[in-house]
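In the part that follows, the structures are each spelled out as structure tokens.
Both of the next two complexes hold chain A, though its partner changes from chain B to chain C.
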Partner chain A sequence: MEHNSIAEKINKYVLDSVNIDRIDFDMDIFEEGLVSSLFAIELMTFLEKNFEIKITTNDLDMNNYKCINSITEFVCKKKAGDLG
Partner chain B sequence: MIGLLSREQKEKYTEFGKFVQSNVQPFAWEWEINECIPREVIDKCAEAGYMGGILPEEFGGQGWDHLTYGVFTEVVAKASTSLSGLFNVHTMVMKSILKWGTEEQKQKWLPSMTQGKVLGALALTEPEAGSDIQGITTTFTETEDKIIINGTKRWITFGGLADVFIVFGKMNGQDEKATAVIVEKNAPGLNVVQIKNMIGFKASALAVLEFDNCEISKENVLAKPGFALSHIAPYALDYGRISVAFTALGIMRGCLEYCTSHVLKRKTFGEKLISHSTIKEMITKMGVDYEAAAHLCIHSCHDKENHHPSSAEKVIIAKYFTTKAARKHSDNAVQILGAMGCNESHPVARYYRDTKTLEIIEGSNQIIEMILGNSFARKYRSSEIKAGLGSK
Partner chain C sequence: MEFKTIGIIGAGTMGIGIAADLLFHRMNCILVDITTAALERAKAEIIRIIRFAPLANPSLPKLNVEEAISKITFTTNIEDVYNAEFIIENVPEKWEMKEAVYRELTKVCKPEVNFAVNTSCISVTKVASITDRPDKVIGIHFMNPSYLKNCVEAIKGYHTSEACINNAKALLDQMKKEVILVNDLPGFVTNRISHLFMNEAAFVVQDDVATPAQVDEIFTKCYGHKMGPLETADLIGLDTVVNSLDILYESYQDPKFRCCPLLRKMVDANLLGRKTGKGFYNY
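Let's turn to the complex of A and B:
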């Protein structure tokens, strides 16, 4: 799956989860208070299911999840096996 | 409920029922009176393979799917809500270690926990922080090779019986460094004080954990500092809510069974109770809510099994609906059974008390309304916009 289609899929999921109509791909979705207390776990489940990756303790780094661009980068690296 | 299960799950349902009928049902009242579940029954559960039912076989578990775990909880809770509480907290700890633990932590704890040799409890709640978990004030202070814990945990289910705890606090007192650590009950500086006289779950060995410069190894940190409240606690509580939802379902099942037996036998004014329209209405609502709750519980387990991103919300919906329904119908069950239901020796009296507790634990229903209210508002607004019906 290409970088852009991964980003679009993540964008669609995030938009469906937050109370806004569009989002800047660099906007910090946690800092902006857009999401509920369940979102971190729901996002983890979404990424694992849709991109066939397994998120472990080593992947717990907020830089991986703060915005759509960083999540996309994380998924691409994970799929490429760069993060184990 | 049974009709919605697979063949394997139906077989397990029957197996669980036989186990509970022999080892739990006859003694549950005594446990409540003594406010203690004897070690022997836990050993019997371990022998049957139930302590680690939902864990993978490689760690000594049975590899149950989520629904089988739920069905097990329903069957146990109908006889003893307190015992279902033990499986709840024990499972939350095992699943947390399985998901977030190092290989060493998994090997050290999981085989002995699935064998029931070590019991786990989750220490999150504090005197000043319950559903608002961000408000916890327990501190972890790093030294060269140790972590020093100071603070108090309260209302810890099976804290009085557990051998190991997952304790939540803040590393060096920093709000952004919420952390979970594994603490053994004999860690120096930990004092466990059992709490008595709870309104429900009386045999659940609730306890206060007092940490006074309690020392643990740095190797006991679970996952990484900063993720305890965003990932570890919600992950554990997701399993806790499955257990609470199915516990409430078990109570509703019990209410139905005791009430229907009674209204088909007992006569007033020359007629069986079931002939009276007010009784019919109570039984109808009880049965309909049981069926509806069973569908919600089963659906949430299927979503969890399929790793669906909204499964956590589905579990919350099931917990909310089922605990509220169980509260209402345990009240009606006492009403239908009359004086019998008002006596502590009858299970519906226990149901009446326990269901109040179910509305509070694993996120009070008011906290759930805050989450679901926002979520539903977003969803329906979103649908309206997509359909071009509403203003932005």
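Let's turn to the complex of A and C:
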């Protein structure tokens, strides 16, 4: 799956979850109060199911999940095996 | 006293969150529900929480999943809690269910064991009256999800002893939770007030005054609340909200607690919120 289609899929999931129409891919969704910390758990479940990756304890870093771009980058690295 | 093994009755949303919370705080638990299917769902969800919750709450330890899950006994036999040092009961807000469970717990548990009623509306004094130990029954209203919340509302029943309160505080201290102790009347502080908010918010949507998102934004952006009332209702589950409103209405005989018809209609349509994927919002 290409970078752009991964980003789009993540974007759609976040938008559906927060019931808004569009979002800046660099916006910190947690800092901006768009989602609660509980959403982080739902998000990781979504990423594992939809991108066939396995999130490990080493991946539990909020920097991986703060915005659409960082989530996309994280998923791409996991799929490429760069993060184990 | 340091607690090691806690009995949890009911493996629904609250029981799951509390079981995971106990694991994070190095305690064992015996998790009881009436069906194997409910316990299997609970196990999967607890694993998910153990794996991912430390991201949402960095103060939680990163546990080895297999080791942690082995500290839970999953069982459909309530007699398996005979060794528990403290009971936390989380069955649905239906009096008949609570009554049946407490009659069993009275037979099964050691006489010195305290019972915590995790309820949002049902009278702690009424629950205590059907046990053999009314002085050892206390209400603990855990917030959802327990592992992300550091405070509980505790409820002193008419006969609740100081020793029972101290035991509950010791357990909650092990779970790193602050306790706000209040007296016993249906809904206590939290739900007596919050259910009026949620119910009236549903009336506002029903009457086409505002959309759910607008209602919640007014609470989050204007009042600075972390969540709006309808998001909260979706998180709790609309069926639970309706059950609680019915109990409040019945208890106080006060029309201010009459349930909004829209809420009841949504429950009939299985639009229960997060747990069914659709409520005031889609999930």
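Just so we're on the same page, the second predicted complex is superposed on the first by the 81 of 84 C-alpha atoms of A that agree within 3 Å, B and C clash if a C-alpha of one lies under 4 Å from a C-alpha of the other, contacts with A are read in each partner's own complex, and residues count from 1 in each chain.
Simple rule for what comes next: a contact is a pair of C-beta atoms (placed from the backbone, for glycine too) under 8 Å apart; a residue touches a chain by one contact, two chains touch by 3 or more.
Every value quoted in this text rests on a predicted model; they were computed, and no experiment measured them.
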Partner chain(s) touched by A:Ile41 [first = chain B, second = chain C, both, neither]: both
Which superposed partner A:Lys49 touches (first chain B, second chain C, both, neither): first
Which of chain B and chain C A:Thr57 touches, first, second, both or neither: both
Touching partner for A:Asn4 - first (chain B), second (chain C), both, neither: neither
First, second, both or neither for A:Gly33, with chain B first and chain C second: second
Doubly contacted chain A residues - partners chain C and chain B: 16-17, 19, 36-38, 40-42, 44-45, 57, 60-62
Chain B - residues contacting chain A, complex: 100-102, 223-224, 226-227, 230-231, 234-235, 238, 306-313, 316, 371, 374-375, 377-378, 381-382, 385, 392
List of chain A residues in touch with chain C within their complex: 16-17, 19, 33, 36-38, 40-42, 44-45, 55, 57, 60-62, 65
List of chain A residues in touch with chain B within their complex: 13, 16-19, 21, 36-38, 40-46, 48-49, 57, 60-62
Of all residues in chain C, those that touch chain A in their complex: 48-49, 51-57, 62, 145, 148, 213, 220, 226-227, 235, 281-283
